[in-house]
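Chain lettering (A, B, C, D, E and F) follows the sequence in which the chains are written, and residue indices restart at 1 in each chain.
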Amino acid sequence: MQRIAVFPGSFDPITRGHESVIKRALPLFDQLIVAIGENGEKKTFFPLERRLGWLKQVFGNDPRIRISTYSGLTIDFCRREKATFILRGLRTSADFEFERGIGQMNKMMYPEVETVFFLCAQEYASVSSSIVRDILRHGGDVRQFVPEGILI
Amino acid sequence: MQRIAVFPGSFDPITRGHESVIKRALPLFDQLIVAIGENGEKKTFFPLERRLGWLKQVFGNDPRIRISTYSGLTIDFCRREKATFILRGLRTSADFEFERGIGQMNKMMYPEVETVFFLCAQEYASVSSSIVRDILRHGGDVRQFVPEGILI
Amino acid sequence: MQRIAVFPGSFDPITRGHESVIKRALPLFDQLIVAIGENGEKKTFFPLERRLGWLKQVFGNDPRIRISTYSGLTIDFCRREKATFILRGLRTSADFEFERGIGQMNKMMYPEVETVFFLCAQEYASVSSSIVRDILRHGGDVRQFVPEGILI
Amino acid sequence: MQRIAVFPGSFDPITRGHESVIKRALPLFDQLIVAIGENGEKKTFFPLERRLGWLKQVFGNDPRIRISTYSGLTIDFCRREKATFILRGLRTSADFEFERGIGQMNKMMYPEVETVFFLCAQEYASVSSSIVRDILRHGGDVRQFVPEGILI
Amino acid sequence: MQRIAVFPGSFDPITRGHESVIKRALPLFDQLIVAIGENGEKKTFFPLERRLGWLKQVFGNDPRIRISTYSGLTIDFCRREKATFILRGLRTSADFEFERGIGQMNKMMYPEVETVFFLCAQEYASVSSSIVRDILRHGGDVRQFVPEGILI
Amino acid sequence: MQRIAVFPGSFDPITRGHESVIKRALPLFDQLIVAIGENGEKKTFFPLERRLGWLKQVFGNDPRIRISTYSGLTIDFCRREKATFILRGLRTSADFEFERGIGQMNKMMYPEVETVFFLCAQEYASVSSSIVRDILRHGGDVRQFVPEGILI
């Protein structure tokens, strides 16, 4: 059986933390789908096209990674893609408690799926998309927090 | 002296977690007022009438439980109702820190009131109204997370 | 049905935090058994007799409070005493996670029992028996951390 | 070298917790700049003028304290003011995790700056601007949570 | 490349939590080595032979699982076994912070290794070896907390 | 008034985390006393002489730093040294909750003292003396976790 995982996120924007977790977890899976959950109601900072473009730029050349978007529940997307693993990174215990809630409810709705957690690399352990957006709002330079070559 | 408690919440929607805490805590009190705090400014997912209807459907037949709504501070509602206990459920340490802040400030404003905490039942420990709303927004089925018979 | 609760602890030594939780929770119960769990293997700082003496000195005159000791599991003591509530105080989120584990396992072994949590009073929120022992070991004065009149 | 620190905040409104941290930390610095970060997009509860007025009322007579406002990143304000310390208060572990993220990212952008944390005074450990606003929204009295003489 | 993981532990005793994590994580790996770290100095509750016997009883028939013991550092054992993944279960945020420290230091010493975390199943989220030992010390029945068929 | 701080610890052994906090905090104080609390009862991994020797080797040439030992309470040592600040590093929220308890009780016993917290440098945020001891017990190499030049 193929080991297929989904790494869901809004990547608003992608950070070096995301990049590091995805690259380090890649050897564990036969296919890793990095997927942006579209949500008509929630306003994002960057439009979908730019967020998608960055994912393609960072991961697009790796045949084991597929870039995708989906609407609806993450577990329904997993079902359609025959993915039985959801991949998430953990930085803080607040992250952990939030992800545990989501992970347990996902499991109640779709018992075949398991959430697999990786630690964020220590050097990016404080980097979050929300602080990056905050820095951008105030005119700061975020190049060291996003993957190399990403122009924001 | 009567032991009167208020379980305040927005119940947007009610979950099996709420139901379990209220039913398990009931033997401790002579009267338990399950009360929806109305707040003109904050937009809820479900209208007050539906949330109130669910509470009546789930608890309405128990003579020790009264369903109510209030505006203003929870402690002022407690004062009016001569309730000296506030009942809350705890799932995570994030819950705990949030509730401790509210509980301590309530005590500073109304020293006669005590907040009483129960653990959420283990099987519903991950169920929160906010994740339930998120599932609903994405078209998912939430029946296993809300009390039996609740139609959403 | 009588509302009987057990407040288990080692009270090594009793602190103002313990005293405050017990006094504030008392109106909730018909009988509150403050009980020292004896554990032959675990070495305590103070002998059982002194710890018991302090409990009697602080709570001994209240007809709703009974002072006791027990060996074996806390839930077995609750069963023997027909107590269906266990009372505990919460100061920190570390406390909460520890107590949640114990509370859930107690419930799995004895489903009739509920753990009821009170917040520690804000002014004693940092006071713990283990820090009090540490101060004593270094020759410090702990009078402001233990109930009035307790001579250590 | 002068020890210059910035205490950034929105002070919406100022609380006794803020006041206590600032007064207790003052002996550590030659100059302490209490500064409101202006952020055009984020709506505050009180207008800038009132928040600024309260700061002047509470701290205005101390020659070591300067009241200021700034737009843009906090670290850019620190650079302009030659401040190498950022002062923050800590109440809960949720506070700590949030501040650690900000502090580490600030350090990555401006390695000369250090964040210095003080504990909130125990008696105000539960007081937060957000709960104070909530009480105000519901018509409650917040005088015991804000510095003496502040009229809200 | 083979995906080889080590699940290190003292299994003192094995719990249903361990069993659940190992069985649910198994599809992710080609080989999973469940290994007891021997540590001459640290006293365990059960002798190595019994702990090893339980692992064999629970997992011994699965060709993808190997039962082993090791002394020295876990990462040195991983190196010898050509394992590039360490598997751990997470129940609480205290667990998470402890495991994050170990995981980051392991990575500093052996950058090829990644720690992979699974959530403990909700129904065993409170079950820990240390509470199980405590129940045993007090003469309680732990059958519902250890894998079926384990006689303690 | 001189700004005198004590950084108390057992330094069993000193880590790069300790070194980093002390060096980064140094500009804040006129004198920083790095002090080993002696405690006859508690067994340490390394003898006092070696721990003291490392402190002298790492900090001994800086005229603003004094190396010392003390027995008794940390606050009594502060009083004798006329130190009004205690310096501590914070890595995790577990650290924070532990230090908050100690810090608040110190303040209750000696109101003139303030605990000042610095964040551990991100690259050493997982390094703790207790994990270092564990690595040593298992024959591992800890050079990257202790200050340069320290031979263990």
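Convention: contacts are C-beta pairs under 8 Å (C-beta built on N, C-alpha and C of every residue); 3 or more make two chains touch, one makes a residue touch a chain.
All figures in this text were calculated on a predicted structure; none of them were measured in a lab.
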- request: From chain C, count the fewest steps through touching chains until chain E is reached.
  value: 1
Statement: Across the interface between the identical copies chain B and chain E, with over half of residue numbers shared counting as same and under half as different, the residues used are same
- prompt: Which pair in E-F, B-E or C-D has the same interface as C-E, with over half of the contact pairs matching by residue number?
  reply: E-F
Statement: The pair out of C-D and A-D sharing more C-beta contacts is A-D
Query: Any idea how many Å lie between the Cα centroids of chain A and chain F?
result: 39
Task: Averaging only over C-alpha atoms, locate the centres of chain A and chain E and give their separation in whole Å.
output: 28
Between chain A and chain B, centroid-to-centroid distance (C-alpha), Å: 33
Message: Quick check on chain F: which residues sit in contact with 2+ other chains?
response: 92-94, 97, 100, 103-104, 108, 122, 125-126
Full enumeration of touching chain pairs: A-B, A-D, A-E, A-F, B-C, B-D, B-E, C-D, C-E, C-F, D-F, E-F
Query: Mind pulling up the chain C residues that touch chain E in the complex?
result: 39, 41, 71-73, 75-76, 93-94, 97-98, 100-105, 108-109
Contact set on chain D toward chain F in their complex: 1, 3, 24-25, 27-28, 84-85, 90, 93-94, 96-97, 100, 103-104, 107-108, 114-119, 122
Query: Which positions of chain F touch chain E when the two form their complex?
result: 91-94, 125-128, 131, 135, 137-141, 144-145
- request: Note which residues of chain A are touching chain F in the complex, please.
  value: 92-93, 122-123, 125-126
